[in-house]
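When the chains are written out, they are named A, B, C and D in that same order, and each has its own residue count from 1.
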Amino acid sequence: MRLLFLGDIVGRSGREGVLRHLPDLKARLKPDFIVVNGENAAGGFGITEKIAQELFDAGVDCVTLGNHAWDQKELLGQIGRLPQLVRPINYPEGTPGRGFTILPAKNGRHKVMVINAMGRVFMDPLDDPFPPVEKVLNIHRLGGPRMGPAGVDAIIMDMHAEASSEKMIMGHVLDGRVSLVVGTHCHVPTADLQILNGGTAYQTDAGMCGDYDTVIGMKKEAAIHKMLRKTPGERYSPGENDATVTVCGVFVETDDRTGLARRAESVRVGGRLGQSLPVV
Amino acid sequence: MRLLFLGDIVGRSGREGVLRHLPDLKARLKPDFIVVNGENAAGGFGITEKIAQELFDAGVDCVTLGNHAWDQKELLGQIGRLPQLVRPINYPEGTPGRGFTILPAKNGRHKVMVINAMGRVFMDPLDDPFPPVEKVLNIHRLGGPRMGPAGVDAIIMDMHAEASSEKMIMGHVLDGRVSLVVGTHCHVPTADLQILNGGTAYQTDAGMCGDYDTVIGMKKEAAIHKMLRKTPGERYSPGENDATVTVCGVFVETDDRTGLARRAESVRVGGRLGQSLPVV
Amino acid sequence: MRLLFLGDIVGRSGREGVLRHLPDLKARLKPDFIVVNGENAAGGFGITEKIAQELFDAGVDCVTLGNHAWDQKELLGQIGRLPQLVRPINYPEGTPGRGFTILPAKNGRHKVMVINAMGRVFMDPLDDPFPPVEKVLNIHRLGGPRMGPAGVDAIIMDMHAEASSEKMIMGHVLDGRVSLVVGTHCHVPTADLQILNGGTAYQTDAGMCGDYDTVIGMKKEAAIHKMLRKTPGERYSPGENDATVTVCGVFVETDDRTGLARRAESVRVGGRLGQSLPVV
Amino acid sequence: MRLLFLGDIVGRSGREGVLRHLPDLKARLKPDFIVVNGENAAGGFGITEKIAQELFDAGVDCVTLGNHAWDQKELLGQIGRLPQLVRPINYPEGTPGRGFTILPAKNGRHKVMVINAMGRVFMDPLDDPFPPVEKVLNIHRLGGPRMGPAGVDAIIMDMHAEASSEKMIMGHVLDGRVSLVVGTHCHVPTADLQILNGGTAYQTDAGMCGDYDTVIGMKKEAAIHKMLRKTPGERYSPGENDATVTVCGVFVETDDRTGLARRAESVRVGGRLGQSLPVV
């Protein structure tokens, strides 16, 4: 199967960048399943049902979230009815929404599980992400129907975290049991994509889909003021320059029998960053 | 001029990786100046005079440091006599060593200034890195002798920091005034190399020179134990697998007149990460 | 019932201070149950079985811990056989030892439950302390045998945390269901003892049992060097001046029927801090 | 001289508590100089010129601030003309306002210097507070006119910080050179008041002037929701129950010749906390 994962969409320019590049990405990469992290899609802060729907309409199969999940408060009341929207699995019990989901691939034959988890190093206190992920992986195993009715054909884990160490640990701990562990949250694509020893594709951060002539997607002036002056300044708002928007992510081809990665390549299209577009 | 910057060397395997690849890198890239971050060179923790000397002997022109600068305590007594060794500029007044240095390029004609600064977000409390950097840049300006006797031909800033935002802000604030702002500390190469609007090359993290089948250079078992179990486990020690060592960094060609970047490319050689080697 | 809780014992001087003052405290306060936090009892770092035993021999009924629980590694192998030693309840599943315990009061008639939990604000990532505490309190209810065989006569919760807000939240959340919520970890006694609306005694920090002519129990020089110089200095070691050791804690008298607090007073004896010794 | 310092005023109930108790405190303690920390006076967030004026009108001689200094943005434009308002001294160069001030005592004969500094442990990155404080103390020495025209008769240092260790280090470092080092920010009075070896009065935290049936001055419900649920809830707002407002601080009598502390006692009046009111 071919899996495409795109990192945190930041604001209007990031959304439009994704919508602009998606047709070509679909034509070239023929992905069977597309996941996008949407935690910054609404003006940099959270996502709304409407924006999520726009992404689904454009062919995105699943949207993941992160620490900005609830910046648009109304999502708390909507997420329950949005099976394609996944929030971090290690939020407290009783949090609306789901921490993983199983959805059909575009080919109609395969099932893809998407898990979203949040790191804790340099982030808000949250429960340990490892036990709930273990629990899910003990039920839904990679390998398709061979693994029984709960088997799935591919597993994508979006590890939303600040520290590279914490993401790598998730990669190694899940190695051999999921198709892809990819980090989000740092808004910078990393160049450390590899297939780990057990067959899991791993990249520390997918990078954002947004304006890279900014400070992690936000206009420079406000971010610089806050860092240097320590007095309140402008509100943060996403960069608006479409010419410097890069759509960033990871493309993985899995072995249909094992669900593990056979090939993995980074995706970076548009803007000023070094371009990377796998040839399928 | 051609500048080569390599990220944090981690332990024996990282040092040997650098020494193994450096002859070929020198032959192909013909760098006029080579900088390496050495804060983890000694068993993952700090650096000794002997190790620094080994690097200088191999053709490294300058070694930068970071939060691990003093892990080998004896360096405090040695750094004063090592003009090619730079520690973060925003340590408290009275800290041994220097926060920037000006050294001759290999061609004998040019002068290169190297500044090392440390970020504060998610790191130990330290003075603001921006004012001392401004002070230095007000004296030593890019542009060579045209800028007077204090002029320099290239300026490399190693911004040792955890948060991508803080590194980007340093990039934007110095844009047009230095040749390269490159981050270190995260031990993961980023794929966001670009030449900023003002002509400064920028990459959020150079990545480490070390074993990438690890947790940021350290053996997996100890790091996983600590993260998952929260009880004391094995001591941390660097990965030892030479086959998975990648030497990571950034290569920049500057305009001889302005000292700004004309071309910038990432460097990744050896190991399992996607290879990147500029053709000069 | 009369309950005496003493805060973090720091090093030799703290231990000896407790042993020196305990006979008089027992004579005057006639406590039915004595709890001491022992996370810094062994040279400032952790506790050993031998030290714990010394405290039990002196009449301490229960010792609680905190983030320094495992500084003396061998405790990991010993804690399983020490029913009077309690470590934070929100350590990962599988951590040796217990997060709460139920022990007989000195009068032989009553049962006292002691819970130890750890905060997460400004501390290492850990699971949410609230759910496991709720679980325990749903089984073992205050009110003695009237509440069935799992009923207990007093409940003491040691909330080991940095942020005053997090300790207060624990106090309010448990108000009316436990006898005492007392904070530890900050090594400074607070003067905010009160009986909350529901009948639970609350003090944000018990204060340490240790040398107060120090920096939170540790000799001044090393702590000042580290804070000001940011270079490695002397190892931290506990203050040694017995004349400035204060034994700090909280004394609570509970209603025998409800187990709630009828009276609560701070305890501070010895050294230079303002003395406080309830008259019973 | 007699000095009265009161901790962080939180919201309307805290302000009214101070105004209600101040006449009696003035009558009993006959303070020559009164300082209040006002960083939370305006609805819990910052202070306005109008509120500061109200405090000055009631007899407060100086108001200090902290990390909430600029929550009411307009203060940035007003603080320059308010000589009795002091903000942390270690804000970046160019920050409006002053980090220390020298004001006449009520007796008209003495001069009192007030310094406000901010800690960095568990707080936002800021410059080291120690060097600027040293600089001020090298100019303005305790001891009155005997020390030359820059001599002052009393020095009060408000160390606004989270970590008790950082406050204690400030106390020990300034011991013998200032009249009082008192912490603010934690909103909990500590019971560790002492006169240090060199003659400086020290208390880790003054405690807030506010409603203690809350979470550090803020209504319980919102704080509990945020801690337990990790989803957005009610806005934070100060507690409103005047019956549980305690006015907290420190009273110091200095030696008129040396300016050092001869006597120091905690002040806690009103509400549910243990009352403490020195007899003068």
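The rule is simple: contacts are C-beta pairs under 8 Å (C-beta built on N, C-alpha and C of every residue); 3 or more make two chains touch, one makes a residue touch a chain.
These figures come from a predicted structure and were not determined experimentally.
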> Which contact partners do subunit A and subunit D have in common?
Replying inline: B, C
> Where in B-C, C-D or B-D does the A-D interface recur, with over half of the contact pairs identical by residue number?
Replying inline: B-C
> Approximately how many whole Å separate the CA-defined centres of subunit A and subunit B?
Replying inline: 30
> When the centre of a chain is set as the mean of its C-alpha atoms, what distance in Å lies between subunit B and subunit C?
Replying inline: 46
>> From the mean C-alpha coordinate of subunit A to that of subunit C, what's the distance rounded to whole Å?
In response: 43
> Using the touch rule from the top of the page, what residues of subunit B touch 2 or more other chains?
Replying inline: 92, 126, 128, 228
> Which residues of subunit C touch subunit A in the complex?
Replying inline: 92-93, 120-121, 125-128, 131
> Of all residues in subunit C, which touch subunit D in the complex?
Replying inline: 122, 128, 130, 162-166, 168-169, 172-173, 186-197, 204-205, 207, 212-216, 220, 223-224, 227-228, 248, 266, 268, 272-274, 276
> Can you list the residues on subunit D that touch subunit A in the complex?
Replying inline: 70-71, 73, 76, 91-92, 94-96, 124, 126, 228-232
